[in-house]
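Note that chain A is present in both complexes that follow, paired respectively with chain B and with chain C.
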Partner chain A sequence: MKKQEFLSILAVEFNVSNDSLSETSVLEEIPGWDSMSILVIMSMVDERFGLILTANDFVEIKTIGELFTKIGPEHIK
Partner chain B sequence: MFSLQQKCVVITGASSGIGKQTAIICSRMGARVALFGRNEERLSDVLELMEGEGHRYFSFDITDDNQLEVALADVFNTMGMVDGFVHSAGIQKILPFKLTNPEIFNNQFKVNVLAGFESCRIMLRKNYFNPAGSSIVLISSINGVIGAAGQVAYSTSKGAVISGAKSLAIELAPRNIRVNSISPGMVENTQMTKGLINQLSSEWEVKNKAEYPLGWVSAEDIANSCVFLLSRASQKITGTNIILDGGFSAR
Partner chain C sequence: MPNVSTLKQKKLKQNKLSRNHFCLVQRSYICIYLLILMSISWTMNLEYHLPEIKLSNKQLKEVFPDWDYQSFEQKVGIHSRFIAAKNETALDLAEKASLSLLEKIDRNEIDFVLLCTQSPDYFLPTSACILQQRLGLSKKCGALDFNLGCSGYVYGLALAKGLLSANIASQVLLIVAETYSKHLHPGDRVNRAIFGDAAAATLVTKDSFKIGEFVLGTDGNGYQDLIVKNGGFKNKSLIEANDYEYGTGNITSDNHLYMNGSSIYSFTIANIPDLVSHTAVKNSITLDEVDYFIFHQANQFMLEYLRKKIKIDPAKFCIDMAETGNTASATIPIALKNALTNGVINTGDKVMLVGFGVGLSWGATIITI
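What follows is the complex of A and B.
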């Protein structure tokens, strides 16, 4: 999957405009981010890539770019 | 009074967690136990841990009604009348409500609710239950009584178990079959709990534990209540839901 495609899906999930998200966006600063939002991302990543992320992974993942790194270049580029 | 001597008990979800512990303790109390689960290897491991003789395991998918019917017939033919049934099989998917589509509801309902009631229905139609008196125990959850974010589908399914058990209790009382549910709080060391901690963080675990005056419960705590509900000691208890949550919901 292309990074841009993932950003678009993310934008739909969080109901924000497409161009408001980039690799440098901090997850917690996405408008509407709340305690459930990590679960939204976990579910997206599981569904699209079959990859199970844990809450502890998100201690290190602060930005969308870091999320991409975690998902890995074999899945997203 | 609390003995399960001579009784035959069928347990779903018997390969791990609450079901596994219930199988072990039922065997210690003298019951012959039929273990239902998906993983044959794990079921045979549970069998190793059980006491007494006459236990059997059946590995299949309990959401498949045909396989369920075959397995229950096999239990009846080889182990005799069923005195107790414990529906412990359950799955949980933590998801924000906006992602909780009908498929998410369906998947959890199939295992948590329908497999349990369908087992009961098959055993009723075929007269597998011991007419001298039988007991059905359906494992619900504290989330069937109390809300939790991300658990709309799961708690809906567990609430259905509690209310379904009540109506079934009324309907089956004339046949001398008791029906009850148990609503456990967080259970230490089960796969479900581990999955939940993975998703919600170790911080969440510490905070959640602090909300349990007696601490999180163990699979053994729940198994003991199952034995009570299966035994003659609870002969006038039907249609009730035992909240087993270390005092979590007492506040």
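What follows is the complex of A and C.
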């Protein structure tokens, strides 16, 4: 999957405009971010890449770019 | 005068009619017998009880003015929950649920009480012993509590099946009773919105619903993901335990319940799909042959994701938490009772029950109603 495609899916999930999200965006600063948001991202990543992220992963993942790194270049380019 | 041959024919005809009549009567008796069998032996004796105090999202919003409860309702699917009164305990709820059940059955026949709770009245004695006295059950009745949360109903069925199979008991009263509200910090917005209190009582006998094979599991590595740290003997309750903030603006302390929601979610989506498929295999059935699925009603978003991942038809998948919230071990029997009452499931249906949560602990089985 291309990074831009993932950003578009993320924008739909969080109901924000496409151009408001980039690799430097901080997850917790996405408008509407709440206690369910990590679960939304976990589901997206599992559904599309078969990869289960843990709560500990999100201690390190602060930005969308760091999320891409965790998902890995074999999945997202 | 009729000749001999005509008389013979007449007699044969009469015999045939009589045989047909006999067959008809016999068939009617068989049908009536089957109907009686279905209505008596196969009736699922299950009742639940909710506390009187109902707490709506709008009422919670008054406590937490910044809370976007509409978004919560849409995602989590909980609109209200019932909360035990200050002096009302899980044992009181257990008693009320049991009394509803005992209106229909002979209490003297009950020879074992299994009570699942994580909010007992005392460290000792066990709540099930007090319940034996309150319900006026036979003194020849065995009684014990077991401490599990969201997997508790499935484990209770497994224990009841074991007691019946080993001829240790013949009529097991299985109760799940929980008041998580009493474990919650007043400032814990998310958990006050998720959890509700309730109790459910089920009569399990060899002649009641059929209980199939079980798949159970445990991973103690996740014990800190859903925990009340203080109050036991490892850490005594502190008069002044420090409050701390977690998640998005929730307050708790070590005297209260803490839940790492994202850890529980990660565990669930990683393990529950396999639990469901293994349970089907162990019961020699395909998922398509299961008539209905009742998972622990944790939250709608989680269940919807699991349903899609496992590829279960939405018509066969229970979502029933809007009014009562997450009542821990009581969600499955509450949903089961509602599905029976509303005719969603009927006699003969195969229903997969799937519990998972605090422990971490999980279990599933298939019951035939």
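By our rule, the second predicted complex is superposed on the first by the 77 of 77 C-alpha atoms of A that agree within 3 Å, B and C clash if a C-alpha of one lies under 4 Å from a C-alpha of the other, contacts with A are read in each partner's own complex, and residues count from 1 in each chain.
Quick note on the criterion: a contact is a pair of C-beta atoms (placed from the backbone, for glycine too) under 8 Å apart; a residue touches a chain by one contact, two chains touch by 3 or more.
Model, not experiment: these values are computed from the prediction.
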Exercise. Check whether A:55 is in contact with chain B, with chain C, with both or with neither, and answer first, second, both or neither.
Key: both
Self-check item: chain B versus chain C, judged by how many residues of chain A each one touches
Solution: C
Quiz item: Which holds for A:32: it touches chain B only (first), chain C only (second), both, or neither?
Solution: second
Quiz item: Can A:46 be said to touch chain B (first), chain C (second), both, or neither?
Solution: second
Quiz item: Is there a shared patch on chain A that both chain B and chain C touch, and which residues make it up?
Solution: 35-36, 39-40, 42-43, 52, 54-56, 58
Self-check item: Complex interface listing, chain A residues touching chain C
Solution: 32-36, 38-40, 42-43, 46-47, 52-56, 58
Exercise. Quick one: which bits of chain B touch chain A in the complex? Just the residue numbers, please.
Key: 94-96, 98-99, 149-150, 197-204
Practice problem: Can you check the complex and tell me which residues of chain C touch chain A? | Solution: 68, 71, 75-76, 190, 225, 247-248, 250, 260-263, 265-266, 269-270, 301-302, 305, 308-309
Quiz item: Can you name the residues of chain A that touch chain B in the complex?
Solution: 13, 35-37, 39-40, 42-43, 52, 54-56, 58
